[in-house]
Every structure is written in C-alpha cells, then in structure tokens.
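Next up: some structures, all given as structure tokens.
Here subunit A shows up in two complexes: once beside subunit B, once beside subunit C.
Moving on to the complex of A and B:
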C-alpha cells in the first residue's frame, strides 16, 4: 500500500476524530503514544502572596509623559543608527552629543563637553547639547510624582524617573512645583524605572535641586549609566534593586523584571501599592515586560486587599515583543478578567490602544490634553490621578 | 567572547539565570529586523505564569516551535525543543496518530501557548534537546543539540479504523505510525539561536563538531508494549558548538556518554551544509552581520486601494499604531485627489509622508513612485512603505510600475478596503470600484457593524465572484493586525505577474477616474458654521456628491471638527490632535461643477 493512500485515510480519520475521540479511544484502537523522554519535573510556581503592608491612598501627578515630541524623528534616528539594538549612548542624542553626528557618539566624548556644568548650570549645558546633539528639540521626558498616604495619615513623596531634555524637564518640574519639593527635601527618593534615555538622561535636573537624594535603580544598568549618575553630581545613596520584589515602604514595593529592552537597555522596575480597602495599584514607566507579565507577576508575588487589581498608571506596553499569533492581539480584551477599577495611561501606551480601552468599557481616567500631551484619552502632562 | 553582550545582567550560574539567558536571546531577537530577515524568525510568546515556556514561529513553517527548560545538572541546563504542527499542514502526516489527534482539538493552539501546563503536549511533539553551558569565568558558551534524522515509531499489528465495520487499516501492520524528520524541523530554531549569538556577540564559534550515532526505532503492539526495531533511517545527530575559550571537549564528551557516536568529518556533506550557515561563516567580515547591514534592507511595500470613504485612513491609522507599538516604522506615499493632504491631518501619529503631486497616482505616475520610495529610504529607512492611492485610483494601472520597483522594495500586497454598506451600489456604478476588488490580494470588508448578516453575505458573494484569489477579512473601522495581512499574501508576487499579463490583454478597456467623470472641489471656509444648519445641508447634498471631507468650526464652540460624509451618511468628530489653521471642505463626486456646490457659509 502506498504511503500517499495511507495519508489520505489518516486525514479523513482525523477530520472525523474531531468529534470527540479521546485518548481512551486511542488505546482501544491499539494506538499508543511513545514518548522518548524520561519523566522530568517541572516546578510549579506558587503564589507567594507576600504581605508588603498597606497604605491609605496614592496620588500620582504626571509631570511629563511626552518622552519625545515627534515619533517619526525618533524612529528615523533609530533606523539611521542601525536598528533597535544599538546602544543608546552612541546615538549622539542629547545630552551626550559630541558634534560628530548620528550613531558616531559615545558616553565619554559626550559627557566631556558638559560635565563641568552639571548639575547647576543646566541652561548653559543645554546650549552646548543643542549645538552638538542629534535632534535635541525632539527630546521630552517621562517623570511622575507619587504621593503615598500612610495609614496614620502621614504623606510621603517619591519621584519616578527624571525625563530626558534638561530644558523641558526643568520647565515641567517648575510647572508642577517639583523643583521646590526637591529643594525642601520633601521627596524621599528618586526611583528610576529603567535606563532608557527618556526616563534617565534628564537626571541632572533632579540633581540640580537635590544632589543628596537617594536614587533607586533596578539591576542591569550599564557602566555608562552608573557613571552618569556620578557625573550628574549625585552625592546621596545609590540603591540597586535585585530582580524580583523589593520593599520601599509599607504598602509600596518595586518588582524588577529582567527583561531586555530596545536601545541596549536591560531590566525595568515597576511599582506596586496596596491601597487599604481597595486593592493593588500598579505604576509603570513603560512596562517593557508587557502588561500580562506585569499583572500576573504581581498576582503571584504580592498580597493585597480584596485580592483586587484596583488601578494602573503609566506607559503600558501591551506586548513589547512580536507575538507569533496576530489574533492574540486581543490582550486588550483579555485585560477584562482582572476587572480594574481605574486606569490612567499615557506615554508609550499608544493612542489607539487607549481608545480601545475606552471602547472596551475600561474605567480610563481622562486627561485634559494640556502642556503638549496629545489626547484626552491620555492622562496628560500636569494631570493627576488618585487611588483610594 | 563577551557574555555581557548576550546577557547584560549578572549571570550567576543558577538555573534561573540560565533560563533567563536563553529567554533574553529570544526576546532581543524580536527587536532585530536583520536577524529576523536572515533567520525567518517571526516572533515569540512568553508564557510565564505558574510555569514558564516559550513559543516561537518561523517563516515557511506553519506550526509553532516550543522551548522548555526541563533540567539543570552540573552547571548544564537542558531545554526540550518542540514542534507543534498546524492542525492542517502536511507535516501532520509525519507525526504519530496520537499527536495528530491532539492537534484537532479546538483549543489546541491556545494550549500550545502555555504548553508547559499540558503534559500531553510537552511529552509529545519533541524534536530535539538543547544543552547549554555558560561560563562567566571563561567568558565562554557551549551549546549541544541532540536530534534524530528521522524519529520512527512502528505499529506492529497495524491500526484499524474504529469507524469501519470491515477491516480497514489506518496504519498497515508493521507500518509507520510516526516518521518525523526531527533534524529538519530543528534547523530553523538552531539556525536562529546560533545566528543570534553570533550576531549579538560578534563572535563566530571557536568549536564546532558534528556526530552521528545509531539509534533503534520503536515499535508497539496492541497491548502497548514498546520494543526496539533496527532501522537504518533512524540515526541520531549531535551537534556541539562552542563560543570563546572554554573546555568544550570535556563538555562534549560528557554529553556524548552513553552514545556510540562517531564524528562526521568536515568534508562530509552534512557538515559542509552546516558550515554554510550564517552563524558559522567567518570568511565574511563579521561586521556584515552587525547592525550596518541595514543599508541593504528592503522595506515591505503595500498598496492600499479602496473607494472614497471606504476606510483607508482608518486602515493606515491602525497599521501605523500596531507597527509603532512594535518599534517598527512605516513610511507613507500618499496622493489625494485635489492635493489637500487632509488625511495627513486626520492621523494622530506623526509618520513620514511623501505626497505625490498632481492628482492621482494611477494617471500620472511614471517615475514618481520610485522617487517617492527613494526619498523615504534616504530620510528614514522605514520597515514598511504604504502607498495610499486615491479613492478613485485603478490599481491595474499601477501593476507594471510596481513590478519595476522590485529591486528596491519587497512587494507584499494590494489591500483593497471595501465600504460594505455601499458596496453593491458602488459595484453597479463604478468600473474603478470593480477593478479595485479584482486587483486585491487582501480585501477588507469594512463597516460590518453597520450591516445585517444577509447584507454581509451578499457583499461577500459579490467579492468572491470577482476575486477568487484574495483573502477576504471582515473589519470594523478597519481594525486588523498587520500580521494577518502578511500571512495571507505569500502568493502575491505570482498573482501580480498573472494580473499584469491579464492587464496587457485588456489595454484597450483600461478605466481611470477621468473616464468615470469623478473630480473634486475644495472650498475654503471663511466663517463659523451653524451646527444645525450644516447638518441639514449635509443631509440634502445631491447624490452625485458621494464624499465630503474637511475641517470645520461651529459658532460658540472652540473645538474644530472633522467632517466625514459618505453617500448620505456623515459624522462630525471633535479634533483631538493639533488644531489646523485652515478650515475647508473637499467635495468629491461625479460630474461636479464648481458653481453647483453650495458653499455652506452662504447658508
């Protein structure tokens, strides 16, 4: 008998088999599945549900979510420099421009031009940067102020990220009064979500007002990044969070994800707050690990009130890497099962995704589209959101 | 080699860090356009909930590849590699009957995404085993692949078809239940992993050895007893690979223990074949594999056609956003009848745009298209270029021109967006509309939210009647994932060729919009409009005006509104992006005359 004929019979059989032949039937047919593998043990990850305390409420002020003003310009730079894996320090992007043009720079040559002006003479430094960098006017930045209210009513402030452009960030800090809070020592720490240019390169602006502030970074920073923290004039404590859960204060913790990110960056930390009587609030810079991993890790690791995913703030990458199944794009829909009560999104979320959230009936908190934020579906620059 | 170029975090030799090492390689691979082009890598899904596993896809393979970390022993991590065939590909015949039946389950592909949770899946579908050793001390990396040339399982007494009363064998006695070319299936995955390492570390392997070992096949009887069968075809292939300066000989010897392996010499054909792989090639300057190979990168090229108001702008908006999310960049070549560039303003996303002047691409194209592509390539090197033709362009007039662009772009598809609500009317009225359907590789039947089931069916029937090759996808607001386009258009180039020849025969009957008598008029608006009066005005527009687009302002309202009018239906959408300085309306219709269109300001 020819194999061809057998294949035809097989396929015909398979079509019929769809209607409920199980493995039981197979054995009675005399079909057996041979597995060459010796049995092996796959460890089950348990829900650790670590208690990290409770807070009364958390308020987030969006200082700036516009990391860059024109996407075409930024993507053009990335393409021109050679693609998404190119080291962010060689772009000749501000502030590390050395005048040699796109993709020809280095941290050392760039910082040499401005180091003597950091962190106090930022206007002068930015003039030099503008003269030597690729598309300096395109730089914006991401930064947010987090105000946590403890159970006893005491309020503590944290700064999440320090943006990119010295010029834009200084103005944004002044617009929201962050400059004074820093100078008065009202802010406990600067938490850097990851090493990306738009979250990190504006570090001297924070240093200008509070050089002694504690800085918390996730592990995975490159040597250039660590040097830049020093060169920006930081004199305070530098704390490095390890992959996994790290406590910050009662009701507030960080989880570091060891995820590779474009422009040769590695690792991102997201923040989580447990709000009394409400549930878990997730705060992300970009969420390069992807929303699903972001949420499912929190579910696995943390204990929170009502076992309820309550709120979400920040840039929300749905799935940062290319998925093999286009139909699975419906993660936007899949988010439904978590039943979030309040979502504030912006930055890298994508306007279309944000609109889909709205269309899907998610409780998206609308912004005011001021201060160069693009749309009201984004919680824009100068907007605030309170959980609890 | 420098391990940090592959895994930037602190590698501490734990099972977790070894797992993270390989995961990092797979994720970074998704960011690398060139690597994807060289290896056919299509992306990955990371399942990381109660257990962890990864699934990936490659060009030219309908099924899904899986990777699972299963063991860690004396610093060596063991990963099982899988191939989960597509439920209807021909490779399915090579898998065992038991495996094939599993693929027919409705939830099979969903389960594949999380196959670590399903022993039925991860105990079957295995194609190879990968052992991995990373040494930070030596800055070296060792990989060891173990697979079969063919993996065979015989059914000693055959298998009878249970549905048949008579004795009908599904598998003849002594016949093959499974005859899987495992090595062939391993190749794309191995090629990807090795190339990714070579490309990211800029190191070629310093150690490469290929072994062959004899291996018995397996047979089962009706009681489910398994026994060995001697079978010449079923040999094992073992491939060892080292990067940097490590003790690769000792590691390889350990992995070979228990195998009666013999070395496959360098001159033998299998070895020669593997040496031609991109990851092995040291004769070429290694830099060629590095980032600046971008210069030779050809962008994908998609033509979007669709009658006026069908939803092309929505399509572009969705496409750009999806691609932007994946850090890919879209360049657009656009020409809008009447040169208003309005659609450029409707998109929230900034993207690089080249506008072709002088009316419609199809009438006055000549060398303009090539110039447009070159302009985009010089300025921003997009991953994809979309040519948005005007609503009344006849794509047949484009075909020969597209053919000439093949040296600078990878032609992907003609996508035709069809306004489902008006499709049957437009089909009767306009030759151009019919040609847009005929020329399509993919037809997006849009606006189905405004259609009844029977309407959808009759429009589908009309589309199928006019184009049996195209994939028809129903959409609302043209929301479609770009990959759904790519998957459906493998045959497009040959299709184009056949269309070109068809076109040559029909030279005499070519139709353009000039013949159809379609033209456009732009009317600038100098004052605020009364909202109610304007609604009445739009409701009463004559039938020969089938499209109005524009930006207007109303009395006692600070916002600007985008007007979208198609065949009697219209909407006014508040402008969310930047405000325009100019307010205007563009009328597109049949036999338009300027003095015939009433300026709404004069109401």
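Moving on to the complex of A and C:
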C-alpha cells in the first residue's frame, strides 16, 4: 500500500514538475522577453571607427535616373511574367529579347542575336533588340558620374552603373560628355552597384568607349551576368568586391551587402565618401539593403568627419513603382534621427517617397525635371549635386 | 448527445507493415507538394501565383476552408457512409476541388464584390486600378488584405472547436452546429481584422486614410513599427498553439479543468497567452542573434520584418508537429501523458530548428526563390503552409492513403481517452513549484546560449 502511495506521489510530483517546467518557461518568455530588462542580455554594439580617409569634396552628375519611362508598362510585364521573383533574364526584356514573348526568354538565346555586334555596333544591335524584346521603348537606365576631389586638389572620376537601353544610355552619355571622358581614359573605373537590368544591361555602352576600363562588381553576380561582362566586349580588369567594406581610394569606399533582391538578383554595393569638415555622404545605385541599414552599418564600421551623416545621393529603393508599404513609413519616420543635411534622391526612391520626405521636412534637393525626368521634387537627368 | 468529429471517430490502420506507410506517404506528400508548387506557385512554373501575395492569399485561404470542412462542418453535407465507403483518392480530389471552389466564391462574392464594390475599396483590385493604382499592386494590396483575414480565421475557426469545444452549440446536429460556429468565427474574424489590420491598410495609401482608419496604428509605440506585421506575429503564434493544444499536447493542461465553461475559457485565452509569450520570445531570440532592430531599416534588421519572422518561425514549428501527429501518431506514447508531451515538444522544436536551417540553406535551389533571410517579396510561410495543406489533404481528406486506410468495422478497438485526474495533490504542487523554477532556469539558459548558437548555425 505504501509502495503504491509512493508511486502515486512520484507520478504526481513528476506530472507537476513537467507542468511547472512548461509554465515556468512560458511565463518567463511572456514576462521577460519583451520587457526593458531584456537589454541586459543584448550584445553591445561596438563602433569600429575604421579610418578610410577623407576627401575635399564630391560632385555627382546624374546621367540618367529614369530606369524605365512608364511604371504601368514595367509592372504589366512583371505581372504577366509571374511576379517579382521571376529571373530577370527570362523576361525577354531588352537586350536579351529572342522574339518568343514575355517570360519565355533566356540569356543564351537573347545574347546570341546581338553578341557579334557588341560593343561597337550598338545602333544595329539595338534595332535587333527592338524587334525581339518586350517593351524595348520602356527601357531607360541608371548611371551617375562621381567626381571626387582629393585633399591635394587632384580630381578622380568614377562611373556608377551603365543603365539599361543602349539607345537611351548612349544618348545620355553623349549629353553629359561621358562618352569622351571614357574614350580619353578620364574615368578610373566602372562601379556596378548590382546586377539589375536597369543598372547593368546597358554595359556595352560603356564598353563601346572604354573596353579596357576596370569594372568593380559586388559578389553575387550570376553566371549570366558574368558572361555578359565578357560578351559586352570587356577587356580590362574585373574586380569582385566581397561582402563588407572595400576601399576604393582615400575618402571613398564601398560596402557590399549580401541581400536578395527582386528579379532573382543577389547582392549590392553602395559607396561612402568622407567629406572634410562635413561628414559622411552615401552614394547608392538602388540601396536595396535599405538606406538606414546602410548608414547604420557605416556608423558601426566607419570613422567620418564630425561624426555626422551629411548627405546622400541616389536611388533608395523605397517606392520605385509608386507602390507603398507601411514599413516605408517607418523609414520616413526613422530617417529623422540621422539628421541629414542634404538629400539628393531620385530613381527608385520613388516620387511618392520624395514627396513624403519633403512633407516630413527633410532637406531634399530639388531638380530641374529635364531630359524626361518626371518631377522637380528630386534630382533629375542632367542635374548635379556637390557635397563639400 | 455530442457527436464526435469524423476525424476523431475514424480509425486508420496501416496498409503495409514496418516503416513502409511512413516512407510511402512522406514521398507521396513531397511529390504532391512539389508538383502542385510547380503548377501553381513556383516563379519558374506554370501559373506563377507566387507574386507573392496572390499565391500567399490562396494558400492561407485553402487552409481555412479545409478547417471549415473538417472541423466546423464535420464534412457536412457528405454522409458518414459516403466518407467511409468512397475511395480515398476520389475523396481527396472532390474535397480539394470543393475547397478551391468555396474559396473562389468567398473571394469573388464576399471580398471583391460585397466588400470591395460596396464597402471597402481595397478589397477590390478592379476598384483600386480605377483609382489609379498600378494593376499589379492593386492585386497585391487586395490579396494582402484578404490573406490577413485568413490568418485570423485560421486561428479562430479551429480555436472555437478545439478550445471552446464548439460551445454553446456542441450538441446540435450538422449543419446547424457548423453554420453557428462558422457565423460566429467569421464575425469575430471581421472584428479582429478591423482592430488588428485595417490600420495597416489605411496607411498603405497616400495620404494616410485618417478618417477611415486609426493612423498611425495603435500598436506603433509598443511594436516599434506602424506595420501590421506586429499582429501577424502573435496571431500566427495563436494558429500554431491551437494545433499544439489539439495534437501533441492532447489539450493538456487545460483538460485537467473539469468545469466545462472554465476549461473552455481557460483554453481559449490560455492559447492566446501562450502565443503572445512565444511571439515575444521569438522576437527576443532574433535580437540576441542579429542585434537590436533599427526602425526604418529594411529586411532582417527592421522591426516589421522581425515581427513577421516571428510568425514564420512559428510555422516552422507547426509543420514537423503536424507531421509527427499525422504520420507518427504523436511519436511518443509509451510514458505518462506529461512526459509524452514534454518529449514531443522537445523533439518538435528540434525538428523545427533543423527544418529552419535546411530550408534557408537549400530551398532556393528547388522552390524558385532566392537565398537569404529577408527578401521583401519572399515568405517562407507560403511553401510551408502549402506543404501543410498537402498534408491535410492527405490525412484529413484521403485518410492517409496510400500508407493508411480506414479500419473496417470492429477491426480496431478505439481506446477511450483516460479521464484526467482532478484532485491535485501536494506532490503535484511540490513538483509544479520545482518545475516552474526549472522552467525559469531553462529560459535563461536558452537566452544565454542563443547568441552562441546563432554563430554556430550561421546560414549566410
């Protein structure tokens, strides 16, 4: 009898213990996990304060920010192809159109039609592209010229991205004199921010004028992209930046983020310049990693003048298709604490975001709405901005 | 007299000896998953519904309709005789077709027409397009709102059956019982939707729809984001905990409560409390591994994504749990109930961690998605719930065919559930006290080691 009682007691104790174990664990989860006390366990954020040099000033010329001319057309293509995750090389977008229609293409079939004409016979190539691609007239492209003035007054130029449409980009290069700068060897390197169609597919236009130029890409390019660099006629050095910080020259560095992006692209690099007496300037192609992610990384990693986030230029990839999401409101609200002094945004930032930035009181530099840019609310094609 | 659900009443027996039923069914559901994924969802496949929100909406709603069919309506209007005598493949095809048809009607009639055309514009993609939204995003916005309704319904619909035990209609025959529970849970889902997600839709448009929705949303300061993902976090955890409660936890510990109304209320609200605790913990776990979230960032550093990922992590737990319940008969049954539950819970959590690791390491190789944690257009909940849907079709609609079959009359003697002991002894309380202290220690041990675990299990 007593043994039976002992067994019952043991069973009851065990049952209570297991029940209590679950209760104790869950109750502590609920009470502690989201309480202010949890900060005790959170890792300390250490600022590395890596010195990457200083420059005197930096000037950016917006060669083209209009990656496409009509949102509805682009989104119609995306909808028809199956959404935002479809591989950009199968869309049959220019220049890889093979005449089979939306979402039925491939890099191999598309490039086969024009490879023999790259990079010197771009007009002829573009005619073939127009005949075989989906909505070729909608293609534009993103590219910017970065002119950095070193502390000793020497100026160096870098080209950020090479756009999309051969036709549009060639005309844009000619409009801003980039063709001559490339041909004269004035531009140190072509920095490709990422593999997206509107930043990368216009590569042969740069190759037409400077096939030996050094190209810097972030890691993450797919085999089609790497092959396209070769097929575009590139004969110079190809440098692959690894994830994290990569120095370019005193006062200018790139940070590569291993981010997955729409249309099956992976990885993006954006630039930072440390301007003497002013602070840090961010320069981005699309900034798919997010502008606050980008600058908070800089805060953790870099040393810069006045410890001040001074300016930014480029696409911020917030509402590129004039779409919206409440998380973008978090960005608009959250940007305030970084106290930027000059914001030169455009391209995939989206007009809606630029308007919300202006409404929030941010120092957005207005443009001139020339050369097919749609609004003066942000920097348009042919506009320039100088920091420092 | 309360009629047991068909799923509780039926007995399944293996059609083959040894591990073959398990192996065959695992291969079968994997093949069915991949074929259907390719046809309907895969961005490289045929219909490419993974846009992502259109595909997401469909997979969430198919889950809800299956719950309606199996749990709320108990397969009405199909008779027990039809269910017992029809070939499982035919049953699977017919009931799945019915599921799709029901949602197609709900989508077109209730959401897009009644709500979208006569009440709230964002439920109708056509109306949004007319108002100037690009067609692609009109569809995505509308699908987003409709799928959030499903997220709430996929918690409340089963919760009313398994936690509230169908009260106060538990003794009524079908379809009166079914329609009563359906109307109530649908009504509650509408209210919950307005309170927990309508504000998210109100700030989706410019300017913020401040006269039609509370803007900024009421959760902003608490959650660190204006995004409705905060509510998705705990609601998804509710969905998961309902099924934990129903399957591997065998409704314990609430089943110890003898007074029906107390048991029901304790179960319903207890599930919510556990879910909220879980959601806070999973958010904290991310902070411990990736650092504090920063408002305004994108992707895995953003508070809105972290809350979304709470729900995603919960679903990673649900999938192995349901697999264990359906195909391994809960896995552990040889010990006392509490020890069985403890072992099942531990094993399912470990399985969830393994699944999480394998998913993020490999899924981009075969799902048409991309590697990385936080692609803004990728939701692991879509393939995971799609897989769960396939398991439900196989287990609920097809009686576990081809590895299992319905037992013939008299072939299996069903064990009656053992009545819970009601008297809690001093030994139980002593054990509970020690266990509670142990539980607190386990919690702090886990959060202490999580940062190290995060480094060891780095995926990218």
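Keep in mind that, in the parts below, the second predicted complex is superposed on the first by the 331 of 388 C-alpha atoms of A that agree within 3 Å, B and C clash if a C-alpha of one lies under 4 Å from a C-alpha of the other, contacts with A are read in each partner's own complex, and residues count from 1 in each chain.
Going forward, a contact is a pair of C-beta atoms (placed from the backbone, for glycine too) under 8 Å apart; a residue touches a chain by one contact, two chains touch by 3 or more.
Note that the structure is a prediction, hence the values are computed from the model and not measured.
Look at A:384: by the touch rule set out above, it reaches neither subunit B nor subunit C. Of the two partner chains, subunit B and subunit C are each touched by A:322.
In the superposed model, A:374 lies in contact with subunit B only, and not with subunit C.
Shared-chain residue A:366: touches no atom of subunit B or subunit C.
In the overlay built on the shared chain, the residue A:82 is in contact with subunit B and with subunit C.
In the superposition on chain A, contact is made by A:335 with subunit C only, not with subunit B. In the superposed model, A:293 makes contact with both subunit B and subunit C.
In the superposed model, A:30 makes contact with both subunit B and subunit C.
Shared-chain residue A:7: touches subunit B; no touch with subunit C. Residues 9-11, 13-18, 21, 23, 25-30, 32-34, 42-43, 45, 71-72, 75-76, 78-79, 81-86, 258-260, 262, 264, 266, 290, 293, 296, 321-327, 329, 352 of subunit A lie in contact with subunit B in one complex and with subunit C in the other. Subunit C contributes residues 43-44, 47-48, 50-52, 54, 134-137, 139-140, 200, 203-206, 216-217, 225-229, 253, 273-274, 276-278, 280-281, 283-284, 287-288, 291-292, 294-299, 301-305, 336-339, 341-342, 345, 368-372, 374-378, 424-425, 427-444, 447-448, 451, 460 to its touches with subunit A in the complex. Here subunit B touches subunit A in the complex through residues 8-10, 20, 24, 27-28, 30-34, 42-46, 48-52, 55-57, 64, 68, 70-71, 80, 92-93, 96-101, 104-105, 109, 113, 116, 120, 122-124, 126, 151, 153, 155, 157-163, 168-172, 175, 177-178, 200, 218, 220, 222, 224, 226, 290-292, 294, 317-318, 321-322, 324-327, 329, 348-352, 379-382, 481-484, 487, 576-577, going by the rule given at the top.
On the side of subunit A, the complex with subunit B involves touching residues 1, 6-7, 9-11, 13-18, 21, 23, 25-37, 40, 42-45, 70-73, 75-76, 78-86, 219-220, 222, 243, 258-260, 262, 264, 266-267, 290, 293, 296-297, 300, 317-318, 321-329, 350-353, 369, 374-377. Contact residues on subunit A toward subunit C in their complex (touch as defined above): 8-30, 32-34, 38, 41-43, 45, 71-72, 75-76, 78-79, 81-87, 90, 258-262, 264, 266, 288-290, 292-293, 296, 321-327, 329-335, 352, 355-356.
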